[in-house]
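In what comes next, chain A is part of two complexes: it sits with chain B in the first one and with chain C in the second one.
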Partner chain A sequence: MIRAARRGRTQRSREAIAGYLFVAIPLTLYAVYQFGALGYAFFISFWRWEILGPTAFVGPHNYQVLLADPAFHRAVVNSVYYAVVVVPCQMALGLVLAVVVNQIWFGRGFFRAAFYFPAIASSAAITVLYIYIMAPDGLFNHLLQLLGANPSLFWNRGNWLGNGATALQSIMVLNVWTTSGTMMLFYLAGLQAIPTDLYEQASVDGAGTWQRFWRITFPMLAPSHYLVAVTSVIGALQLFDQAYIAGGSDGNPNQALLTMVLYLYDVAFRQFEFGYAAAVGIVLFAIIFAATLLQRRFFGEVSWAAAQ
Partner chain B sequence: MRRIPMLAAALALVAAGCGGSGGGSTATTFDPAKVSGTVVLSGWQASPEEGAALKQTLDGFAAKYPKIKVDYQPVQGDYPTVMVAKFSAHQPPDVFYVDSSVAPDWIKQGALESLNGYLSDQHFDTSKFFPGYLGAFKSPDGSTTYGLPKDGNTLALAYDNQMLSSAGVQPPTTWDEMISAGQKLKAAGVSTPYCLADDLARVGAFIYQNGGGIIDVKNRRDLIDSPATRQAVTWYLDLYKQGLARSDKDLGVAWCGEALGRQKAAMIFEGGWLDSFMQGSYPNVKYTWAPMPKGKQQATLGFTVSYSIGKESAHKQAAWVLLSYLTGQDGMKLWTQGGVANPTRTDVPPAAGKDVLVQGAKYAHPWSFVAGFSKVLDAFNNAFTGAEQGNGSADTVISAAKTAIDQQLSGP
Partner chain C sequence: MSAVFERAALRPAGRATSPRPVAAAARTAAYVLLAAYTLLVFAPFAWSVITSFKTLPDSVTLGLLPHPASTYGYQKAFTQLNPPLPVLLLNSTLIATTVTVTNVLLGALAGYAFARLRFPGREAIFLAVLGTLMIPDQLRLVPVYQILAGAGLITPGPANYAGVVSILAIRALSIFIMRQYFLTVPYELEEAARLDGAGTFGTFWRIMLPAARPALAAVAILSFQDAWNNFFWPLVILQAPAHWTLPLGLAQFRFLYSTDWPPLMAVTVIATVPVVALYLFFQRHFVSGLVSAAVKG
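And now, the complex of A and B:
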């Protein structure tokens, strides 16, 4: 008996060692290139650090400058405003698409692929396409004209991406469209985990479609809500590519598209202030970390309660 | 997809920490014919025609200096970003392109080798270069040269032949004629006479024509807060207000060249890069180059790119031999004769049809100011776009630009 148990233990520990060996290389790479880079960025955020010239320890100077930097303020406001609008829209649209795709019987695979397609297509290609659609003489304004409107008389002269008042909102619409497919997939997985007998019981009790959605589907999806909210907030606060392609590295027009990551890129690669850029990155990290903790407080308890 | 820039930035930051400073001083008295080795040459390549012209030039170099092998490594994508990563990794190419707009930054960062020793010891005559081009690659006090211009472009007026002739309008030669030509075109049914970019890299030409300025690089003070500059900016903004001009953004085009190609505007102010674009995308639209209209004085902006040597290059003598050939009379002739680029030397004749653009170099001001100029450019352009869209005026534009300039000039 004792021998057998010991053999079991050694076999288990041998399996464990083999398992760790398998993941050792990717784990080391991950530690070096994620945590190593993060720690290093934190380190140089306290230095004046340019390309080749001498470096100098400046203490919290970079952070002090950052707090008073109007361009950084603009970038934070833009990023947060963007996240606050985009995240609920993404979640709502993703949920609606998931529920619809989950219920149709005909062509489910086609619709799932069609809704997910924008998420896997190159965001650069989609953004360029979108710039053409939203141009003053583009498809969108043409459709408005067919509906009887005259976009050239609008306050932005039908120039959605070129006008400071509508550029960020236009990118919001673009991203809600392109990323809702991913959110739909998360929700679809959640929907399939809900036991069907709950719906049967509810039907027996006389619950309508609407009641079944709000009383069963929505609360049972709590873990999915948490996952979708967290990934969506992180993605929104890291907005870069669409803003860069539509507005260049200074967030044209008039800094309307200047996001935190775009500002970081601009500071590092156009101003060569790597120390300052690292400070921007650390503040961005702190904001995302705080947002994720908040969501854990908010959604995490709900999803626990649902799982119990 | 969103993480890539963060990761790239992090890698560049890591790379910046490794390695010591290499590249010591190199003797500048040597016989070019006896130098041997391999030189890495980097730049960007805008078109296959450019690649063919460069190959022809490098063949000419190989025939003259058979002992030096050139390893051409063109950079794909965002050139300044890639080069900054190479500088921070302490592995720059030996010879590479430097755009005049980033030259002050790269000089300040110590990425470029001073050419003074080579110029004097190898008896290289720089007086044949147009001063407006050469000046872009000198230190602020003008004493040190960090690159020799390989080619250059000036802003000039490009007009649609058919639109102007059917309205009976001559290309304008003065500011007053610009207004009257615009009004005539408008009366003849041309909805947008001018496409004007809301960009200091275009407005600047008109600022200089009015006797204004942007930055006094030598004495480190701003010239933008001056009556002449203010007047020019106001005048340019008024062209939009009077309905004579629209911006590229407003016309829904990527840049004014596209507006000319799609015949959405009759006249634009661009440089030689327009030619290859029009041939490729809009070969049926006929247009003609004319000199910039004259304000109080004849002026335009000069955009140029140099060949420079990396400060941390390990093959500086061979690099100099290549650089001096490429920017010398023979090399530049081979490079520019097909019309892919315009010469920066007065002793190399312009290719057919490029006369206006080359002659503009005589009165061109270099598009190159101080380190950190991109912040000034952003401040000006952001405020200018705002003013063009009705939020602000010439005053807000000038004060935004002045704040940014003062900030850059007060820095270390």
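And now, the complex of A and C:
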């Protein structure tokens, strides 16, 4: 009996050791590259830190400079503006696609696969392709001409990505398009989890399609709304690849494409002010964190309201 | 697909056409919308393939077919890119396959431990793994660069690849997908192996790993796609152009040849074909991997 218990104990400690060994490599990498990096970034942000390392402890100086830095202000405004427009559009388009694909019976698998297609190509390939399509003599303007418009008379002369007034908006359209398939998949997974008898009951009660959508589908999708919104906000605030490839690290034209991450990259690798760049990163993290908390609150209330 | 047809054939004829005209109209509207969006999804890619076979003057016309058809774009892509296209392809392949292997192996090991092995602190550690999703890549830019520089992995040379690989080596998503899958594998499989005297690793390797093939496929495909397409970390870490990956080469090409569209589209097509091929063959796994993350996430 005692021996059996002891064997049980060694068995258990063996299992525990195996468990730790199995997770050891990922945990070490995360300890260094994720949690370690987070703390290290915070540390670096209090120093004047150049390419060869720290030169002086400056306390909160980097954060003070940041508050008065017009380029940083521009970057924050651009990033937040971008997120405020792109997130609702991504959610709405993803939801519409998911609901429509979920309605039909024949070809559902095909459309689901087709709509995810833009998400599989690299940001570099998609952006270069988009620059070509939106060029002054590109496909988009040709199509506008077919519709009878004359883009060369537009205020931006049909130069969508080259004009400060339309560059960021053009990138918004691009990213709503590329991510709509992913958002659709998230919503489709949520739709599958809604019990069908809810709809049957509503039909018996005489609710029309529109009412069923607003009374059942939309509120029952609360967990999906939250997931899609969080994914989408985090992605939007981290916009970099498309802005960099379209506008270089200055965010041309005229800082229209200067996002927070682009500015962080520029400060770190063109000006080699690592301490200042780390402070930009910490502020970015704080904004993303606050946005996530806000959404949790907002969607918590929505699902609570739906339950009433 | 054939199952769909069979089921359709089994239905009473009267139900194939909808009894209510409203529903039929709604369905028609749904298909029109879906068809229109499908066009919107594929047209830009089709346009890039068409342009890649055009000549330069032809590339700014609306012609739906190259006139004349030309390999000018591909010739220039193969001769003008610096570093040469084969080098970029090789670098991308090298990094993407290494990262795929590490994600599959480490993800399976850790996913199995989180799903099945009991050890103190397991749930807390798993939460920490998921917590890494909250830390933006860009916040890590400066510290990770410093850490890699300190480890001697920023200098040009093969060590430079190791720097990129170590950052992408194991994504939280890989661990998560594997864990969710292992949770669904029946316990009987494992117990039978234990009774046969297999150790923890033996059970994992010989019994559980083969049982988790669909999840392994999902992790492999999503990791390959992520590493193949990744722009940010290679841009920051790979120093010498000779070590660049395809997305970096493409971005550079675009800065140098800003409006020489046929070669730019040729490189775009070449960079996209591998992931498209993967997607066509393993589309099911892409979707299932993402959906499992969505449902449980």
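Following the convention adopted for this analysis, the second predicted complex is superposed on the first by the 277 of 308 C-alpha atoms of A that agree within 3 Å, B and C clash if a C-alpha of one lies under 4 Å from a C-alpha of the other, contacts with A are read in each partner's own complex, and residues count from 1 in each chain.
Please note the rule applied: a contact is a pair of C-beta atoms (placed from the backbone, for glycine too) under 8 Å apart; a residue touches a chain by one contact, two chains touch by 3 or more.
If you're wondering where the values come from, they're calculated on a predicted model, not measured in any experiment.
**Student:** Touch check for A:Ile282: first (chain B), second (chain C), both, or neither?
**Tutor:** In the superposed model, A:Ile282 contacts chain C only, not chain B.
**Student:** What is the contact status of A:Leu66 with respect to chain B (first) and chain C (second): first, second, both, or neither?
**Tutor:** The answer is neither, since A:Leu66 touches no partner chain.
**Student:** Answer with first, second, both or neither: which of chain B and chain C does A:Val87 touch in the superposed model?
**Tutor:** Neither partner.
**Student:** If we overlay the two complexes on their shared chain A, which of chain B and chain C does A:Leu191 touch? Say first, second, both or neither.
**Tutor:** neither
**Student:** Touching A:Val261, do we find chain B (first), chain C (second), both, or neither?
**Tutor:** The answer is both, since A:Val261 touches chain B and chain C.
**Student:** Going by the contact rule stated at the top, is it chain B or chain C that touches a larger number of residues on chain A?
**Tutor:** The partner making contact with more of chain A's residues is C.
**Student:** Touch test for A:Gln271: chain B only (first), chain C only (second), both, or neither?
**Tutor:** first
**Student:** Taking the superposition as given, does A:Tyr20 touch the first partner, chain B, the second, chain C, both, or neither?
**Tutor:** second
**Student:** Tell me the contact category for A:Gly235 with respect to chain B and chain C: first, second, both or neither.
**Tutor:** first
**Student:** I'd like to know which partner A:His142 touches here: chain B for first, chain C for second, both or neither.
**Tutor:** second
**Student:** I'd like to check the shared interface: which positions of chain A are touched by both chain B and chain C across the two complexes?
**Tutor:** Comparing the two interfaces on chain A, one with chain B and one with chain C, the shared residues are 33, 36-38, 40-41, 44, 49, 122-123, 135, 137-138, 238, 240-241, 261, 264-265, 268-269, 274, 277-278, 281.
**Student:** Which positions of chain A touch chain C when the two form their complex?
**Tutor:** 12, 14-20, 22-23, 25-27, 29-30, 32-38, 40-41, 44, 49, 97, 100-101, 103-104, 106-107, 111-118, 120-125, 128-133, 135, 137-139, 142, 146, 177, 181-182, 185-186, 188-190, 193, 209, 224, 227, 234, 237-238, 240-241, 244-245, 248, 260-261, 264-265, 268-269, 274, 277-278, 281-282, 284-285, 288-289, 292
**Student:** Show me the residue ranges of chain A that touch chain B in the complex, using the header's touch definition.
**Tutor:** Touching chain B from chain A are residues 33, 36-38, 40-41, 44, 49-53, 122-123, 135-138, 156-157, 159, 162-164, 235, 238-241, 250, 252-255, 261, 264-266, 268-272, 274, 277-278, 281.
**Student:** Where on chain B is chain A touching in the complex?
**Tutor:** Against chain A, chain B makes touches at 1-3, 5-7, 9-14, 16-17, 21, 78, 80-81, 84, 87-88, 90, 105, 108-111, 247, 249-253, 311-312, 372, 374-375, 377-378, 381-383, 385-386, 389, 391.
**Student:** Over in the complex, which chain C residues touch chain A? Could you list them?
**Tutor:** So the residues of chain C touching chain A come out as 4, 8, 26-27, 30-31, 33-34, 37-38, 40-42, 44-45, 47-48, 51, 60-62, 106-107, 109-110, 112-114, 117-120, 122, 125, 128-129, 132, 134-147, 166-167, 169-170, 175, 200-201, 204, 225, 228-229, 231-232, 235-236, 246-248, 250-251, 254-255, 259, 261, 264-265, 267-268, 271-272, 275-276, 278-279, 283, 286-287, 290-291, 294-295, 297.
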